[in-house]
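Have a look at these structures, which come just after this line.
One chain, subunit A, links the two complexes that follow: it is found with subunit B in the first and with subunit C in the second.
Let's look at the complex of A and B:
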């Protein structure tokens, strides 16, 4: 069976003042209908670029899709003509963004913004679209949706706005829903509500969800499968439980060690030393080598490829050699 | 919009007008030159007794503060005084001329905003493109070239070399008795060159400003959201972005309105447009105090009204400002 969305060997480059940098270096991912794929990694690892590339929203220039393929139900999206991409955006693939505070247009009512999304892809009257928008607001758990639909974004709380974004994203029953850090800007209690809502929406609408996050807790709650990204590459990919219980790559282990646990007062919060190296300074070796306690000469010389060595696929010489 | 807000704005406007009246009065009295001398000169010579009697007749020998009180009290009752030169009520002089000035200024304002914003939006679409470079160069030229020179060049080009538009005036004498729609068309025909001359400075500024404002807005998250829902580029630019980019444009439009009126003075002179500008210019040379003050009064009133309209349009453009004062 072919996957619903298949990203293969995707390369995205940007022209910057440091010259051309490779933001995505051969990313391959797939997600099946009704499945939730978690994509994790620190800021700057390429998660959001992968999402934007899938939406056809990479600003070009300075960006460029230098190679690879993105297929939705078998249809190639890389190089597809802009009007086709526009027809798919919002209808078949939709996206929820990280910042609900700034992702809604401040000068239009939320009802109008949802109705617009409906009218862009369905032949319905403005009145009907607005009624549908109200029904969607009700569906995503907004109280007195009829009144709230006439509110402007600044009159709603962050959590409410994110619900509005979700209502807008699912308004045309997309096949794939990309959620880019949907809860990062929200209170913890609201985070849980949003995740519950996404789960319900998935059950009702049967959408595949790509959940982009740096929060392993969110992954354990939501994801069926997980891809760990680092410096523009996928470095580990497996079922969510496999990655959480048996992380292979030292970077994945680091991420999981960073989850604070209640009642664990014996040691301070862990962190991964160092930062993601700037993309224009990446050398030939493993991008994580400088932050890795297991790195040796080979790691600094030769880029590891994603391959099954131990429990499940990881891109690490140490795992391959059985050192880790 | 609450009516109490509107009332308060109008109240402030009236207060501001009072300040303007007092300031105008004092400023003109401070300027050098004696109206009695000019009036006497017009009458064919000036003896000391004649000057005295003129000062007596026009109340110029009273203390300045008393003159001020008389003037302000008059204005409050709608009496702007009598022109020293025309021996007619100032209100009538202005009433005869304010229509053409408003027509010229409002047309120029709308023309510069509409064209300028359109050019700015096109330029913002490709910030490194040809259109963007054109807008930058055009804006610099438009801002640097004096308005009377532009006017003369346009007359040479479009009224003389290629006689598409009339050289001057507001109406053709031979069409005075024609049907109203013929006359309207005739006035519009006369209006194009002077309005464009006046618009060109501000047009360039609006183009630059809206380019900058649009570029900022186009980088925001909600524009990405609009694209993500599949909105076509035209709707992204003119619906989602422009409404948000409008605030700084409206601010400047409100502020520029005053400059536009002073620009109208020059344009009216170049094109012999029968408006207030010409009257103001001549009255200054004649030291015709009541007429100068009357013109300034109406010019200020237009600016105050324009500012109130700007405030109202803010609230239309940005719902976040509604319900606040």
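Let's look at the complex of A and C:
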């Protein structure tokens, strides 16, 4: 079975004042219909760039897709003509952004904004589109959707705005839904509501979801499969249980151990020392070597490739050599 | 053990615009009769969602926000009745770490000057002594001496938070108010700062008033916890009691909502306790329990009468129907 969305060896570069930097360095991911892929990593690891590249939303220039391919149901998206991308965006592949207040238009009612998305992709009358928008608001759990559809974004709470974004994203029943940190700006009880809603939507619509997050807890509750990213590369990829119970790469292990989890208090948290290196300072070796307690000379010299040495694929010399 | 901070019936009101020129001025009660006490050397966590009044409570307790009524006893002395100059002197003992390390450091000042500034303002010691203290603090919070003369933008978020902590420690405070100190940081960096705070608490005998929305973080740092909802404390108790046997439905809902590695999609996890909706507006708070509209246990009495904080075995709870989750 071929995957619904397949990203292969994707390379994205940006021209910056430090010269050309490689934001994505050979990222390969896939997601099947009805499945949730969690993409996890710290800020600056390339999670959001992967999402934007998939949506064809990398600003070019300064960005450039320097290589690789993105295929949606077998159709190549890299280098596809802009009008074709526009037709796919919103219809077959949709995205929910982190900050709903800045991604909604403040001068149109939310009902009109959802209706606009529907009319762009389906041949329906404006009245019908607005009716569909109200039905969608009802579907995503907004109380009295008739009245709320006539509200402006600033009249809604953060959780409601994110529901509006979800309604808009699923308005054309996309095959792939990309959620980029959809709950970072929300309170924890509202976050739980949004996660539950995404799971319901997936059950009803059968969409594939790519959930981008830095929270391993969210991964545990939402994801079927996990890709851990670091400095523009996928460094570990496997089923959610495999990654959470048997993390191979020291970075994945660090991300799990550093969570102040309920039930593990009273001992020092495991730290990952230092910070993610800036992309223009990446050398030839493993990008994580400077923060890794297991790093040796080979790690600093030679980039590890994603390969199955231990339990499941990870990009680490230590795992390959059986040291970790 | 002695009490460092004893807050009694603290109420904070903010004035709203008048409805009409001669109309009465309406008020928003952001904090309503909140009482808690903090023992020396312990950490009290205040948990709640946005708008619950947790930050306002802490700010009013250290007089950075005007309180409408109530008492704040710091080592037995009421801070709210101090004159301006006395209060300024008292600030030596009470320092603050802010949430956003990007906006709480002056971008035009060198970090050594930023850290030294509280001592300059308080007139502590000679210039030599102050500079020595800055170097000492830099080492204590895990920064290098060669970074003393850099500017804030040359540091990462975690390092900036270390600078904020060093600045807060210059005057040897007894109480450190931490307002969401790690919520702007990446998870891997959060652990570094939380470990640093834990180390400082033991080594320097500091007390923390720790504000956070993240239960995992609070559970890691705090000895006692107070849960706030719409300006009131709804449940209060020791860490063990509150996390192991929460009595208030809101506390239970918060715990159920916090993402956890123990809950797996693969194992068919479905959240047991779902609460819908958003907190009500503090401008026109409901007559009864503020949580009644979202509460699975709510009865008529909840909508009519406000529950008071009462002792129920493990914790103090403000609920008409406290008890373990159904």
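Everything below uses one rule, namely that the second predicted complex is superposed on the first by the 319 of 324 C-alpha atoms of A that agree within 3 Å, B and C clash if a C-alpha of one lies under 4 Å from a C-alpha of the other, contacts with A are read in each partner's own complex, and residues count from 1 in each chain.
Following the convention adopted for this analysis, contacts are C-beta pairs under 8 Å (C-beta built on N, C-alpha and C of every residue); 3 or more make two chains touch, one makes a residue touch a chain.
Computed from a predicted structure; not experimentally measured.
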item: Contacts of A:20 with subunit B and subunit C, given as first, second, both or neither; value: neither
item: First (subunit B), second (subunit C), both or neither touched by A:144; value: neither
item: Touched partner set for A:189, first subunit B, second subunit C, both or neither; value: second
item: Touching partner for A:296 - first (subunit B), second (subunit C), both, neither; value: neither
item: Partner chain(s) touched by A:122 [first = subunit B, second = subunit C, both, neither]; value: neither
item: Subunit B versus subunit C as contact partner of A:99, first or second or both or neither; value: first
item: Subunit A residues touched by each partner, larger count belonging to subunit B or subunit C; value: C
item: Which superposed partner A:89 touches (first subunit B, second subunit C, both, neither); value: first
item: Contacts of A:73 with subunit B and subunit C, given as first, second, both or neither; value: neither
item: Contacts of A:215 with subunit B and subunit C, given as first, second, both or neither; value: second
item: Residues of subunit A that lie at the interface with subunit B and also at the interface with subunit C; value: none
item: Touching residues on subunit A, where the partner in the complex is subunit B; value: 55, 57, 86-91, 94-95, 97, 99, 102-108, 116-117, 120-121, 152, 154, 165, 168
item: Subunit A partner contacts - residues on subunit B that touch it in the complex; value: 220-222, 224-232, 240, 243-244, 317-320
item: List of subunit C residues in touch with subunit A within their complex; value: 49-50, 156, 158, 186-192, 194-195, 198, 213-217, 219-221, 239, 243, 253-266, 269, 271, 274-278
item: Residue ranges of subunit A in contact with subunit C within the complex; value: 36, 42-43, 141, 143, 157-160, 187-193, 195-196, 199, 214-218, 220-224, 239-241, 244, 254-256, 258-263, 265, 268-273, 275
